[in-house]
Amino acid sequence: MNVKRLSHISIALVAALSVGQAFAATRGGQMVYGRYADSLFLDPVLNDANLDIWILTNLYDTLLQPTNDGKGVQPGLASSYAASNGGKTLTLTLRSGLRFADGSALTAADVKWSLDRARNPEAGAWNSSLASINSIAVSGSKVTLNLKQPDPTLPAALATFNAAIMPQKLFTAAPGKNDAEKAKAFAERPIGSGPFVLSEWKRGSYMVLKRNPYYWKKGDDGKALPYLDSVRFEIIPDDNTRILKLQAGELQGAEFIPLSRVAELKADPRINMVLFPSTKVNSILMNNRPKLNDGTENPLSDPNVRQALNYAANKDALIQVVTYGTGKLMKSYMSSTTPLFDAKQTGFPYDLAKARSLMAASKYKNGFDLTVLATSGSADDLALLTALQQMWSAVGVRLKIEQLDAATKTARYRANDFQMRTAAWTNDINDPSQITTYYAVFDNIESVHTGFKSAEIDKLFAQSQQELNAARRASQYQQIQSIYLKAAPIVYLYETPYPVALSNKVKGFFQIPLGNNIFAGASLEK
Amino acid sequence: MTTMHSPVLEVPARPRRRLPKPTLLIGLALLLLLIFAALFPRVLAPFSPTDFDYEALLKGPSAKHPFGTDNFGRDVLSRVIYGTRTDMQIAIFTTLFPFIFGTLLGALTGYLGRWSDAVVGRVADLVVVFPFLVLVIAIVAVLGPGLTNMYIAVSAVGWVSYWRLTRGEVMSQKKAEYAQAGRVLGYSPSRILLRHLLPNAVTPAIVYLMTDMSLGILLGASLGYLGLGAQPPTPEWGVMVADGKNFMATAWWISTFPGLALTLAGVTFSLIGDGLADALRPRA
Amino acid sequence: MHASYVIRRLLQIIPTFLAVMLVVFLLVRLLPGDPASAILGDRATAEIVERTNRELGLDRSLPVQFGVFVRNLLQGNLGDSISLKIPVIRLIGERLPTTLFLTAYAAVLGVLMAVPLAVLAAVRRNTWVDALIRAVFQVGLSLPVFYVALQLLSLLGARLGWFPIGGYGENFTGHLYHLFLPALTLGLNLAAILVRTLRNSIIEVLTAEYVDFARAKGLRSRVIMTRHVLRNALIATVTLLGLNIGALIGGAVITETVFAIPGVGRLMVDAIFGRDYPVIQGLTLTFAIIVSLVFLITDLIHARLDPRAELT
């Protein structure tokens, strides 16, 4: 448990730094950052993967921005916003003198064009976050969003990568017959409104982002951000190599440090091993349907069994063995860093006696066989499931681990052809509605394909989506979380942080709970 | 590793000079040890290979755990011993079918020649120029994970080497005097082939079989690195080395001891291969 | 005679290539999990998956898809990568030289290590020198490549700081410097195979009758060594290299991953796991062409070196 405590101290330290910003940042220099895989497609609207999402906001700025603690939004390209007309109109005021990275002016027309593109229901996977917008009007520096209904999630949605502002003229001038082709061409050399601009990209090897001299935000010294001249991403898929390269001083930062190496790197005086608080929840999804795809009876359709499995999982031991003490108990289906997370949620603390009595109350007193899908090659999945294999044998459950490569696992999952699977989730938007539509609401993807359906949750959620009163919305979410916990459609495991190892020289770098890497305020001390 | 493509083919050289006799003996003695461990791991292993011990995570070698414990508190020595069974299985099942099928096919097409040889030759070309990894992942993905499907994937490719070796041998031996004599004596082609040609032509294939066995084990390790190897909690040396690589700086014993076991198996097969090459020297 | 032989061999390759393309085309589509699932991940809704499949033309029948594929292929177009959204030809053009450089480098290092040591082991056969040489390479051959790679990396790269950790440099000397450790990893493996076989074939020559005869004629041992032994060693080396080159290129997968080298090996793994059909197809074709060419070239060199060899 010592390790755990340590990690919390360092989180606190990071938080203190972010609030204080007391250091005098050094300007200039290149920060080399080791990533485990390269980005795929740098278009804010048409991308699909965290590999893109988590660096996109360095290239493309948004009207509003998520705060570094992940709890709210702060002004971005828009200096202010205000709701009117009973919440059915949102008016944003753009900063004056905004420019894209090529020096051309960023106007309200660019904003309208970008948001219209992002909310086109035929484009990309993210348009639903802006679905409440009915029309957009601009005049001068004012952008007026006319809504179909009040939408409490809209400010957070406008602070999300897909609502980034792009240069209409440059994009439409890109070669290509349609939007998709133009996006392909534009995304190879994107010009955006973010603190950096892409200067070189050798796919699969490295990517260089240069300082955008026209960026609006000011640093502590009163001059324009970013402090760094450039950021260079090196793609290093092997964890060991990435760490060795950092230790050799060839990198100033490395992402996705295996949790097994966190303690070792904390002891390294040259390295600042940071565990950034995240919105990551790790759980096991259960198929709640009475029968499996092959027609056999499914013991997991019994809530008693699902609760029993939850109680029989010794989370403290799992957190120790799988996350090396860096994780913490998952208490709700959403992470404790998500807005409107209900602090009164308990999760399922380890209680073997309760698990046994719940099993005895089910018709599976003599136990049963259970198959779980794991991602092949994932050390974490294997550690977790081999441990669960042993824990659940105490309630008579014989767990079989079926390892599949990610694409096969996804295909089986999408076809509801699974009994259990490992899963992790991070929010893309600073609002509980996203994870709720996936995990708790049936209509989107059958409650993460568990088949769980609660009319009560569906109703509460529909109300909360138009509820502008913060207290009432919080209470709706409190009820949703409690109903969900009782039904236990998933096995609640743990929350894990983002493990990033930085050189001691790096200051002001952030990975926010959504996962976005923020280089705007990063600097390299001499 | 070179094992990521079709198994490596060695040019068979017929040794002329006797290697020292101990080679084969030492090799066989080591093999017996491995077989014993594979058959009776319970006798040798002090602990269960799969039981966790949360009180003894990542402990270094000690009297209780001579090879230390891994990140689940499992006894590394016991896992290495139980791993012998898995790895001997891999050695046998990745090579058995390719050896039998490839050798027989090689003898047949080498003897018959003409169109049969041409047809098999084209199929062999296809197998050799096809990236092995695509095939392995495809088979593992379609049929599901696990060692069995790795055997199928390897077998689909591995026969080519044995076919090549035996075919070449048979083609050159066909011209040898004793085969000509058999034909003059009116022996049936099948008798000439099975009783006279094959026993003489199979030597390089047997010698190669030994190398192939260690390559098979290494392939298991490589697939383990990509997450396609043996499934947990099955102890397998290659996967143990792969799992231990995150602990190389802090708990070297997790990957080192299974690595030594891999080396021991490799040396064993190589000693036997050299010894056999010597003992089976063609009588022609 | 050589020209007609080469033409005949090239003609033989064509049906093989057609078969390769058909097999890979069907194989990737047999894989569970479609490209849309792979690129969109767990969250995508059914409509988005369907829309993506339509945009990729994967909703059409297999014969139609194959027809489109072959037609594009004949125009030299391998399609666009599904995940990276750039032409496959360009992608392979960017990545292939790196892998070829690495492979050639590994082959050179492997031969440089193997030939002298194999000759030494053969001349001093059954002494401790012989035993030591064979033991060292046997250990190298018995360990998984990722393990050897990581050990070299932490020792020669991190601890001693002689070589950079990963990457592949900007120019020719940069490549030589950056790729030394990965080439050494692959080269050690190749050398282990070469040493074993070369040693045996050299012993065979050394004990052959014509060498005895040459010695009886009073030829100095250095002449025998160069005229007979090394010539034979060279023939065996070329043959072995040819046979192993496919394995070497394929084997680059893990080396490329550990050393963070953007070559085709890693591209292939990513493409398979990402169900990026056009990339898998393009790489398979590239691989088949290279391996076939290497086989042809080794056969030609072999014929030049070994007067007994016939080109059939």
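Here the chain labels run A, B and C in written order, and each chain numbers its own residues starting at 1.
One rule holds in what follows: a contact is a pair of C-beta atoms (placed from the backbone, for glycine too) under 8 Å apart; a residue touches a chain by one contact, two chains touch by 3 or more.
These figures come from a predicted structure and were not determined experimentally.
Think of each touching pair as a link: the shortest run of links from subunit A to subunit C has 1 of them. The chain pair with the larger count of C-beta pairs in contact, out of A-B and B-C, is B-C. Put simply, the C-alpha centre of subunit A and that of subunit C have 40 angstrom between them. Work out the mean CA point of subunit A and of subunit B, and you get 45 Å between them. Taking each chain's centre as the average of its CA atoms, subunit B and subunit C sit 21 Å apart. Within subunit C, residues 31-33, 150, 154, 273 each touch two or more of the remaining chains.
Residue positions of subunit B with contacts to 2 or more other chains are 137, 141, 225-226, 245, 248-249. Multi-chain contact residues of subunit A (touching two or more other chains) are listed as 240, 405, 407-408. Contacts from subunit A toward subunit B in the complex involve residues 239-240, 258, 260-261, 264, 317, 320-321, 375-379, 382-383, 385-387, 389-390, 401-405, 407-408.
The part of subunit C that touches subunit A in the complex is made up of residues 31-34, 37-46, 48-49, 51, 55, 83-86, 91, 94-95, 150, 153-154, 157-158, 161, 164-168, 257-260, 262, 266-267, 270, 273-275.
If you check the complex, the residues on subunit B that touch subunit A are 50-52, 54, 57, 71-72, 137, 140-141, 144-145, 225-228, 231-233, 243, 245-250. Those residues of subunit C whose C-beta lies close enough to touch subunit B in the complex are 12-13, 15-16, 19-20, 23-24, 27-28, 30-33, 125-126, 135, 138-139, 141-147, 150, 154, 186, 189-190, 193, 196-197, 200-201, 203-204, 207-208, 236, 239-240, 243-244, 246-251, 253-254, 268-269, 272-273, 280, 283-284, 287-288, 291-292, 295. Residues 37, 40-41, 48-49, 122, 125, 180, 184, 187-188, 202-205, 234-238, 240-241, 244-245, 247-248, 250, 405-414, 423, 438, 444-445, 448 of subunit A are the ones touching subunit C in the complex.
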